[in-house]
Amino acid sequence: GCSEEAGGSSSGGSEAGACAPEDVTLVGQVRNESNPYEAAWLDGGDAFAEQVGLTQDRLTYDGDSTRQQEQISQLLAGDTECLVMNILPNGDSDTPPIVEGAEEAGAYLVTQWNKPADLNVADYDQWLSHITYNGVESGKQIGDALAEAIGGSGGIVALQGILDTGAAKDRFAGLEESLAANPDVELLDDQTANFSRDEALAVTKTLLTKHGDDLKGIWAANDDMALGALAALEQAGRTDVAVVGIDAVPDALTAIEDGTMTATVSSDGPWQGGIGLAIGFCVATGELAVEDIADEDRAWFAEQFLITGDNVGDFTSPEVDAADFECDNVFSRSQGAIS
Amino acid sequence: MTTHLQSQPDAQASAPVHALEVRGLVKHYPGVKALDGVDLVVHQNEVLGLAGENGAGKSTLLKALVGLVRPDAGEIWVRGEKVRLRSVVEAADHGIGMVFQEQSLVPNLTAAENIVLGSEGAGVRRGLYRWDTMRKLAQEQLDKIGSQIDPLARTDTLTFAERQMVEIAKVLRIEERTSHPPVIILDEPTSVLESAEIETLFTQVRRLREFASVIFVSHRLDEVLDVCDRVLVLRGGQSVGEVSTASAAPAELHRMMIGSTGSEDHYHDTAAERSDQPLQPRLVVKGLSGATFRDVDLDVHAGEIVGIVGVHGSGREDVCRALFGAEPIEAGEVTLDGDKLDLSGTRAACAAGVGYVPAERKIEGMVGPMSVADNMTLTKQKSRCSGPLVMPQKQATLVDKWIERLSIRTPHRGTAIQRLSGGNQQKVVLARWLVAGDIRLLLLDHPTRGLDIGARSEVYRLMRELANSGVATVLLADSLEEAIGMSDRIIVMSDGRATAEVGCPSGAKPTPLDLVKEMV
Amino acid sequence: MSLRDAGPPIALAVIFLLFALISPGFRTIGNVQNIMDAAAVLAVVTCGITFVLMMGSIDLSAPGVMGAAAIAVSLLVANNRNGNDWGLLGVLVAVLLAAALGCLSGLALVLLKVPSFMTTLGVSAVGLGVATLLFGGVQPNISDEMLRGWAIERFLGLAYLTWIAFGCVLIGWLIQCYSRLGRYAFAIGGAEEVLALSGVKVAPYKVAVFTLAGAFYGLAGVMVTSQLSAGLVQAGKGYDFAAITAAVVGGTLLTGGRGGILHSAVGVLLVTVLTNGLVQVGVSPYWQGGVQGLIVVAAVAAAVIPQRRRNQVTK
Amino acid sequence: MPVIALVVLLAALTIADPDFLTQRSLTAAVRTSAPLAVLAAGATLVVLCGGIDLSIAALCSLTTVLFAMWLPDLGGLTTLAAIGVAAAIGAVQGLAHVVLRIPSFIVTLGGMSIFSAVALVISDAGPIRIVDRDATKWLTLYVGGVVPMSFFVAVLVVAAISLVLKLTPLESFVRATGYSESAARLAGTPVDLVKVAAFTVSGACAGLAAIMLVSRNFSGSPTMADNLLLPAVAAIVVGGTAITGGHGSLWRSLVGALVITLLRVGLPIVGVPSAYEQILYGAIIVAAVALTLDRSKVLIIK
């Protein structure tokens, strides 16, 4: 006959706060270690783990949704008593099964970046928090910075990210808001370069020949694509085109310092890598109770900054600040609940 | 070549040693003992014939001589020196080269490259090709056999026979490779050649004898007796005797091969007792045109065997394929027993009771890794099925019956067909059309290619039997003699058109010469 | 050139003319230069893969090999991670590393008798692993003027990289026509078993072909690094299927024994013209992949029409 | 033979991390492997016929989207409808292959990008949540409390297809087509029909795999299965099926899928760092094939 259990030891969720600090298992999962942002994320996780005398298990799934699910279900099939997971879901649709799995197995979960809008964190006990940056806001901020850089009027093109991700859509929506506010800026073209530096290079070259001197600015949904666009501009010998991106990866900051790039928006990888583990650790060890977390702290936008030539010096060497991970401080960077 | 004529006196000085000697060679394959202690001696400047039934072990023996088969036991001596041959290159270094039974050219290379393949010599310097030199090297070989083939033609644009000539040119290169008088092995080189080409080949063989030794295999015993000095007969992997060609007759040779007396009447012509033909022919072809043939008319009555003869490129093969739905047609109408024959594909043809045995057995005729049984029942699945289900028992009984009926030498019905000797493979392919007993028209393209004389006789008997039971047969024969012997009527084709028709009734057969006159 | 080789060039011409008719931006000199530049990396990868396909094998190792070469070269020439400044020697070492990885595919194929599909897939994973190890979490950026110059400097309107690609095609063609390696690769695709009957040991040639292919991928990885001024682990992402598509569209058979470098070059141009043209014409990014797939299928279908014979095998 | 590879791998993982060999963990691994196994099994048929199907993953993604979109309207019929449509799409590819004589590699490569584009457009480039989970709930059950239903279904599918092949002449047809298409055709076997059927089954399997993925992810998404293409082909080859056609079986691919799944989830879980994980993965799949391939059946290794 059929049953709903996988048999064996069924675990209906662990008693919150029952874990001794040394029993906690910390897991950080990102796409891969071969890009600076996510590598820094995992390093931030390591830094936090060291702070509490533990080590972090680093998992990567190579941007492969199925593989992420596979790893998580395997992880949850092990000992989940005091498991804390800080997860970067590959896409919006990958979040629900992770949440359900954690809920059933009783592991503590914090997710970042991707979540379907209608999935409510407060409906769950083990899913402690969802953190993201306001993509619409970032898209708008750099859109405005770009408009300013080209003197308020002229043609721009947009390089979109992977089309079916929330981040790509939100950021593009932000650009559209910015365009509405700057009526003289015209969007000549939008193409996708899948968040990839290499693809952005090729697409930008083509757009440069297509639009020629009409093109005054390039809006890229992340810094990698912005850097690819910069390489294309350099090869075309164009110095009159402004470029903006999002993420504040080190190379982009250098480019802003050099003046070749106009603006980016900070997202603090090392902090993201630590904060998710910190929230989970605090709940697992009983220093924080799920019921006590305010509803607006269950799903929230983290603080972000527009970085331009004026303030770039403040961001060039991101440091993990141990104080951010104190149980009283874990929500200190909140910019409010996700609407 | 001149260099070798000079080296000849040395060779003769050491004449007492044999050019090649084999002692007690043994080779087992799973389920068969292909060689069972073969002894063989090849003298200097001699053409040694090798005869034996299909599967007697000829090819295996010869492959052992060029290092392609590692014998389980036994010794090989070359010019009085015991050798171990581990590869074709080592064999070539000892002056032994071979033309293989199955064609072995690289189709997408030029003839020149094929000729020098593996021993490019001056044709390649530091890994780089020197096309001029290579072409010259190849031309030298082709000149030896008087071939007009362009050395830079891609091999797959050549005809079957031309390719065979390239193979012979290739093996002749062994003359340049060693300073010893070479031993050249020809495994059934004539089975795909026309008579004119066979003559050229024999001239070569005789020329080779001047300074080298030759081992020659053919199932055409008259040929063997014609060109060889001595014939060694193999049976069941053993040497069973030796005949001096000066005295022997084909029948005697045949007797030694099978261990009993064969039938005198090869073509079973007298056995035929044809009933009166019905007025309406079974197959009627009107104005059939395709890429390589034009306006072909043809009719074949039930119970009749119609041969089509023609030189290479006459298009007769494509006509056959077209009738089987394997070649597109541009115009024409074909009826079978009055019903229009669907030529859109091979399925339709099979369903209508048409069978086709292609000439290129290895590629088109059989599925190598599949078993004998599965190959045999591949077309007529219903012969082994009950409803949609396969009945292994039914298949086993049926297949075993045909294995016995056609005396197919195979360890087991489950043996992969590619492990059988060429002749036995051919029998399986033929059997494929016979298992169901519902065939109406049989198109045979060189059905006896590679068959030994016994098997051949068996196939002829089968064709007669089928004809007597009412099957209409179109035959593209291996030789003019075969066409004459088997056919009731012969159509001559040239340049894609049917140009003449020669009656060929039992007792009033034309001579090959009559046909050749019609063909040119 | 026989009829069956004429299909792809005709398809290229037709597609080029169509885009030129529809889009004014497409038919500018600048855009044609851009197409040539954009084709450079793919052309070099395809040069390598063509030899493998000619043998009837397949090669999926480009992403890993290119990634490893890209990271390696960016750490060997002047960069922001260490004090190395090896210049051309660094490029050479990276290409050699790539060739070694290619050699590994070939060795696994002939020694372990594992199909190339698997050995190259495995080597790709190994290459990515090596690249990730070398990457170490910090993006290596190159400051080597020579290497950066390859992407920026122009000669006769085309980037140096494009001329390098031309050089590769030329060298590839010479290897294919005038070297034993090239001809044997072709022959192995035609009838491997026959070569053994002729006493040719095919194994060393197979290994050599995979090594050669690896070297081409390595150079392509270096070229990507030059274009981006940075060494990326993902430098070769997607180039495996793109190169196979280009080769096949150009008329190289996956079963081996037919086609060649010039065929592949036509295929590369066809694929690049398509990518460029669809952007120029303004096809929605959502549909671009689909339209490209459709056109590739249609182009191949049109190209095989003249060679259709009843009993011809298509795999 | 592939079973040996599986056992060796399992033993190695257990030595690396003794906790790995628990019933819960194995159940999870087996459950994980189900969609991959179904994808690989379907594509194995195409490979046996001598072709290749590169579209399975993209078709699977497209089907997850279709399923999610149709579920509210069709309810319980959605599963059948989705699998049916996937099968039909597979058949269309098969027809394009045999009628237009385009190599299967190209047809399915084209199919891959076309299906991706269609999925992207109809889903408006985003995941579609499934509210009514009853339609896929049966796949999340366990047989006898331990065997995940999805894996059970995968085994059932493999068994059913294998049995049909074995008991009917189809197996002969498929193998003959794979080993030597021209000989098969001249023997009058229905080569074209068999190939189209193989593509159809491959499509249907992609559809079924899609349902399994939806049952696991509670949504359909235009790129959900895209990354399963290479693992699926790897599963086929690791199982010992000859990529050149003719030799192999669906059972082998099932075991191959288990091997690949263990590698994908096992290595990181037992704590191999990601860079070394890739190197190990590469080395192990090659070694596994070296172990599983029956070289007496495949004379020339390309």
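Points worth noting:
Letters A, B, C and D name the chains as they come in the text, with residue numbers starting at 1 for each one.
The rule is short, and it goes like this: contacts are C-beta pairs under 8 Å (C-beta built on N, C-alpha and C of every residue); 3 or more make two chains touch, one makes a residue touch a chain.
Since we're looking at a predicted model, the values are computed, not measured.
Under the contact definition, subunit A and subunit C share the contacting chains D. Interface comparison, B-D versus A-D: the higher count of C-beta contacts falls to A-D.
Per-chain Cα centroids separate subunit B from subunit C by 44 Å.
Subunit A and subunit D have centres, each the mean of its CA atoms, that are 32 Å apart. Averaging C-alpha coordinates per chain places the centre of subunit C 28 Å away from that of subunit D.
Touching two or more other chains at once are residues 128, 132, 193, 286, 311 of subunit C. Each of the following residues of subunit B touches two or more other chains: 326, 345, 364. Among the residues of subunit D, those touching two or more other chains are numbered 120, 125, 182, 185-186, 274-275.
The set of touching chain pairs reads A-C, A-D, B-C, B-D, C-D, using the touch definition from the header. Those residues of subunit C whose C-beta lies close enough to touch subunit A in the complex are 25, 28, 30-31, 34, 37-38, 67, 128, 131-132, 135, 137-139, 141, 151-152, 159, 224, 227-230, 232-235, 237, 275-276, 279-280, 282, 285-286. Residue ranges on subunit B touching subunit D, taken from their complex, read 324, 326, 345-347, 349-351, 356, 358, 363-370, 374, 377-379, 381, 384-385, 388-390, 432. Across the complex, subunit D meets subunit B through its residues 166-169, 172, 175-176, 179-180, 182-190, 192, 246-247, 297.
Within the complex formed with subunit D, the residues of subunit C that make contact are 55-58, 60, 64, 108-109, 112-119, 121-126, 128-130, 132-133, 192-193, 241, 244-245, 248-249, 253-254, 256, 286-294, 296-297, 300-301, 304, 308, 311-315.
Subunit B contributes residues 68, 87-89, 92, 100, 104-109, 113, 117-120, 124, 127-129, 131, 170, 321, 325-328, 345, 364 to its touches with subunit C in the complex.
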